[in-house]
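Naming follows writing order (A, B, C and D), and every chain is counted from residue 1.
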Amino acid sequence: MPKRRTLSVALIGTKFMGRAHSNAWRQAPRFFDLPADIQMAAICGRDRAETRRAAKTLDWERAVYNWKAIVADPTIDIVDICTPNDSHAEIAIAAADAGKAILCEKPLARNVTEARRMAEAVKRTRVANMVCFNYRRVPAIALAKQMIAAGEIGDRVYHFRARYAQDWIAGEKFPMVWRLQSKVAGSGALGDIGAHIIDLARFLVGEIAGVSAVNETFVKRRLTKNRSYAKVDVDDAVSVVGKFKNGAMLNLEATRFAHGRKNQLSFEINGSRGSLTFDLEKMNRLRFYDAKDPAHARGFRDIIVTEPNHPYIKNWWPAGHIIGYEHSFVDTIADFVNALVTRKRIQPDFADGLKTQRVLDLIQRAAH
Amino acid sequence: MPKRRTLSVALIGTKFMGRAHSNAWRQAPRFFDLPADIQMAAICGRDRAETRRAAKTLDWERAVYNWKAIVADPTIDIVDICTPNDSHAEIAIAAADAGKAILCEKPLARNVTEARRMAEAVKRTRVANMVCFNYRRVPAIALAKQMIAAGEIGDRVYHFRARYAQDWIAGEKFPMVWRLQSKVAGSGALGDIGAHIIDLARFLVGEIAGVSAVNETFVKRRLTKNRSYAKVDVDDAVSVVGKFKNGAMLNLEATRFAHGRKNQLSFEINGSRGSLTFDLEKMNRLRFYDAKDPAHARGFRDIIVTEPNHPYIKNWWPAGHIIGYEHSFVDTIADFVNALVTRKRIQPDFADGLKTQRVLDLIQRAAH
Amino acid sequence: MPKRRTLSVALIGTKFMGRAHSNAWRQAPRFFDLPADIQMAAICGRDRAETRRAAKTLDWERAVYNWKAIVADPTIDIVDICTPNDSHAEIAIAAADAGKAILCEKPLARNVTEARRMAEAVKRTRVANMVCFNYRRVPAIALAKQMIAAGEIGDRVYHFRARYAQDWIAGEKFPMVWRLQSKVAGSGALGDIGAHIIDLARFLVGEIAGVSAVNETFVKRRLTKNRSYAKVDVDDAVSVVGKFKNGAMLNLEATRFAHGRKNQLSFEINGSRGSLTFDLEKMNRLRFYDAKDPAHARGFRDIIVTEPNHPYIKNWWPAGHIIGYEHSFVDTIADFVNALVTRKRIQPDFADGLKTQRVLDLIQRAAH
Amino acid sequence: MPKRRTLSVALIGTKFMGRAHSNAWRQAPRFFDLPADIQMAAICGRDRAETRRAAKTLDWERAVYNWKAIVADPTIDIVDICTPNDSHAEIAIAAADAGKAILCEKPLARNVTEARRMAEAVKRTRVANMVCFNYRRVPAIALAKQMIAAGEIGDRVYHFRARYAQDWIAGEKFPMVWRLQSKVAGSGALGDIGAHIIDLARFLVGEIAGVSAVNETFVKRRLTKNRSYAKVDVDDAVSVVGKFKNGAMLNLEATRFAHGRKNQLSFEINGSRGSLTFDLEKMNRLRFYDAKDPAHARGFRDIIVTEPNHPYIKNWWPAGHIIGYEHSFVDTIADFVNALVTRKRIQPDFADGLKTQRVLDLIQRAAH
């Protein structure tokens, strides 16, 4: 029997995504029977005090203050990139060149040029790589994928319609943050939340053939920490229509200006024999209309996706106990580790992330 | 070919129920292919001006001010009783003795004694008779009945649970009205709205074997038109548990003190192979859980009961167009006229209404 | 006191819309205190037997088989046009020239040219005129309009997003009907159901500045009554993004290929201080998010629009009793009669219908 | 500055609750700023292999096979009892006598006699003690408590109505398990899930004055592992009506025979100025009807309880990210540790658990 491997992980980034990924690395071995042990070796951030605190709270062995030290460290197997979008390319390419397996937060990069260089780097170096579009592993969405693949909504898709709506910057007095600056974020609602529904469109329906789009920046300037105003040079919202290569119609909207919508990633897919709908604000549910049900008893079924035969659920709690946002990251990392050890390809990889980036780019150009 | 018959109708009562029944008599021939013509001959009320106005607005040929004139009129075929509960017995018995077909608003009477006399009168005189428990003919409820009869939730019922909740007297300042006086109404929430869910319990599941109950009068006195206070001597709410003769468990609640519930007649039935739920505030829907659906795709189906194959719907609008409260009365009257002409028995008749009255009585005694 | 006027109405068309309008003419005087009496003088259709039957069932005094006879009849005051779209212009212009008040089903015409001629005719002849976009008078939508006007969602609208989805032709075997033929219908889902949400966009938010669109005909040919195939030359679905003149973003979708959606006219409006959502499949509800609610207790309010202080409701039933599809037509006709008698302008008139037609045209050209 | 304390924990039980509590001990220090360090010292179970596996997977330092060794170990500060109900009393009393702080799964015991002995033991020994009614710490329920306390639904409660419904044994072929045996479980649905809603009734509204009840065992015998049948001697369902000491009415139902209900702990509270409703299957939501809202805009608000100002949420994720079942245990354990270190009393303690046990007992006797 071969000796069980230990995978040493370093995570770069200490903010929201750093916390979500840390939790996932910590929880994955507790709920999944992983083929390797996980060593949470290092967390890296620029602010020393904050990074030390994060290491302690989030249970990393050590704090590091320069990502290059991580990449240069031969004991590290996996680099997990949770930084703002403007550093993804540089870190990922260096990590690939150092032979590290890479998990990178979405969107893959600020633009297609960066994303292409990243995809080329991992192809060249043959390192394991994945973009963390975590929502693919929400059980209800994974179930939707299975049902579509099994033909449960028919052999043809007519419509994919998705909306990612939030309201956290809908107030004019919300201050300037990095996500509202093109230099760091690349784009606004489009790249931040729109990227998720584009990834899901491609995951669930197929490649996109063409788009028309409009976007808007409703609040043109925001107050900075220096009490001066800075220009918002990214989109506050974007709305897209288009077609898939398979003939299905596409309708997408991403906005942070929808009062009352806290984290509403929702979609509806209409096929030739049925429909599916999902809303992340009710993430343990999938609604399914089966046009083959008896005529008197047709209606959207409100499936509570917490049964042992639903994707990922048997790893969590007994039937009927709902899971939350963070679990999608644990599922993602468990799959990543499994693929890494068994040397199987995993989706979405950087090549896949590049395709999503091309669609982001297409939309941005269409909106101008 | 026999000459087509004309049925001459007189309605007693000009308030809410008078309006609802008038509309039904007027609309029934427009949407249903009735086996007789309907003549809206007379409406009867005590207030002359109001009754004349009602006759004109509601399209009755003449206004009458004493119900005895109706009963004595040999040209009248059908008497429709929409008065407060304390006059049901007297009118109905006189109408039966005069050989009139009778439609009577629910509850049949103030108490079992009255109800028994009414049931005996129609039995003795063999006149067509019906109690207007209109909700039996809401399409979603009629569909529930069909599905239960067809075994779609299994051959055994475990639970029937219903609640009829409103909030129109939840404010302490709501004034005294006849529905809050035992002498006129018999009981409070129990007889007014509880009667409906007891009727549905019996209609959908079967006869009730025994009950325990509690009730309460939350606001003990109300302001009258004379600016003095009068005692509220009926229940504001009642809550009941019990068993059906077939072994199913019963849980009922009727209240007018549930803020936010405007007309929430809701029920859930759990059977050995599935469940059904209904809520009158969403009256065009029936929810159905089929435990025989594939394990990964089970969930309550939200059936929009507006398809041509649903009960009564083909008489109304094309698929997908919702109907309202008043339609249940039109459906009821159409069925009543059909039964009358074809001399078929119709449910719920007075004998059936008496059974419901016995349950009301049982609950009232249990609650003391 | 002036003598009370009687308005003599003739309705052209005996199918679905003919039935809906007939019901509205019959019911309006029963529920609304109209300033004139309504005489349901004549119904007109080409099929003699069917029209006679309709006259009897729907309660019209006489059947007529040529609309020109109606227009030529000096005793007729109001012409109500419920025919397929290809005859709207000819009938309406003739009726205007004959000095009749006109109610015309939507969309006003097959195209802008026809609509412009119609608008010019009523302007020239100064006859009362209205396009029957009945959904403006659904109480929940009328309430939304009031709330927006009162600033309850803020002084600025960010998003209007609407979808009108049905599934009645989603099956490939559904046969050819006039609504699928460009020559009669003008366009497909766009003009039939899309017209409603464009009207509501304009009613609730304002004029549209520009659009991008895609459309599709999923099933290219359908079986005719002759058992041969005919080409479907209208859109099965259309998806639109755009902007309003006031800067709000627009996202629209109309489709008849959404399995499970029976009559889902839904919209969401996001303003600077709140949001509103509506779904015709739950037509007695309006959802309202008030961003000014206390921070711990914010959430979409599910307003059951059946209270006496809600638009049109005091004419119907006591609080809490839901109404249906047909009531929107009664409300519309009551308003039309009131405006006619008091010589006030009513919305949407033909000039307004022309504006909607221009948007339909804009979308159709954008989609090519 | 005093030295930071380390609390050494031993958990007894390796099944569902063992896993849920293990996760909570592991996660609490990662999300809450606890006043002490947590040492996950030992997990105890009878099956050696299974317990060793649990220790490894769930991250406990060592496996122990006899709970008496735990109680006897002076290095252990906290004993967490996650065993079946029949061993709660013996373990808890021994732990109290050994001076351990105790967290005990609900229900506190099989009956009042046991519960009283347990309450006396912790009172006598003055050890910190808590019953794990975890749902009190679901953010939406904690928010409901705050809102009631602040008078947001008025100064008087009219109705508390709760239902805990599941369907996992609704099939006749589901085998015998310990939860269906009176000797181990004490009671059936009543003690297992009914206990939760009784605890919430007392938590949210107040003490219960009296009850009437019915119960039923629908499936009287179940197949054991030995392929023979054993009698089910606990209730499958129980239904209760009653009154609170403050005059509010009570209606409770607990059942495992409601097909489609996976883990539906739901309640509705109607007060003199508003209402609250909750459903564990939508656990991140609280619905609130405020009768003081403007008359045209009243409706149940669907509050998504994921904002930083909601209870416990700032410890988890940014606004809008939903949490799951397991988080209620982490919140509970964080509160327990805080109370332990600061020597504050915590609810529900054993004295409180005894009161719930008395209500369970009252219901059981009423149902006979």
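In this section, contacts are C-beta pairs under 8 Å (C-beta built on N, C-alpha and C of every residue); 3 or more make two chains touch, one makes a residue touch a chain.
For clarity, every value in this text was computed on a predicted model and none was experimentally measured.
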Exercise for the section: Going by C-alpha centroids, which chain is farthest from subunit A? Tell me that one. Expected result: B
Exercise for the section: Any chance you could check whether B-D or C-D wins on number of contacting C-beta pairs? Expected result: B-D
Practice task
Let me have the rounded angstrom distance from the C-alpha centre of subunit B over to the C-alpha centre of subunit C, please.
Solution key: 34
Handout entry: Whole-Å gap between the CA centroids of subunit B and subunit D
Key = 42
Fill in the blank from the handout: Here the gap between subunit C and subunit D, centre to centre from mean Cα coordinates and rounded to Å, is 54
Handout entry: Shared-contact residues (touching 2 or more other chains) in subunit B
Key = 298-300, 304, 307
Exercise for the section: Could you pull out which subunit C residues touch subunit A in their complex? Expected result: 153, 156, 158-159, 161, 163, 165, 167, 170-172, 212-214, 216, 218, 237, 239-243, 247, 249-251, 253, 255, 257-261, 268, 270-275, 289, 291, 298-300
Handout entry: In the complex, subunit D residues that touch subunit A
Key = 16, 20, 23, 26, 29-30, 57-59, 166, 168, 262-263, 280-284, 304, 306-307, 317-327
Fill in the blank from the handout: The residues of subunit B that touch subunit A in their complex are 143, 146-147, 152, 285-288, 290, 293, 295-304, 307, 309-310
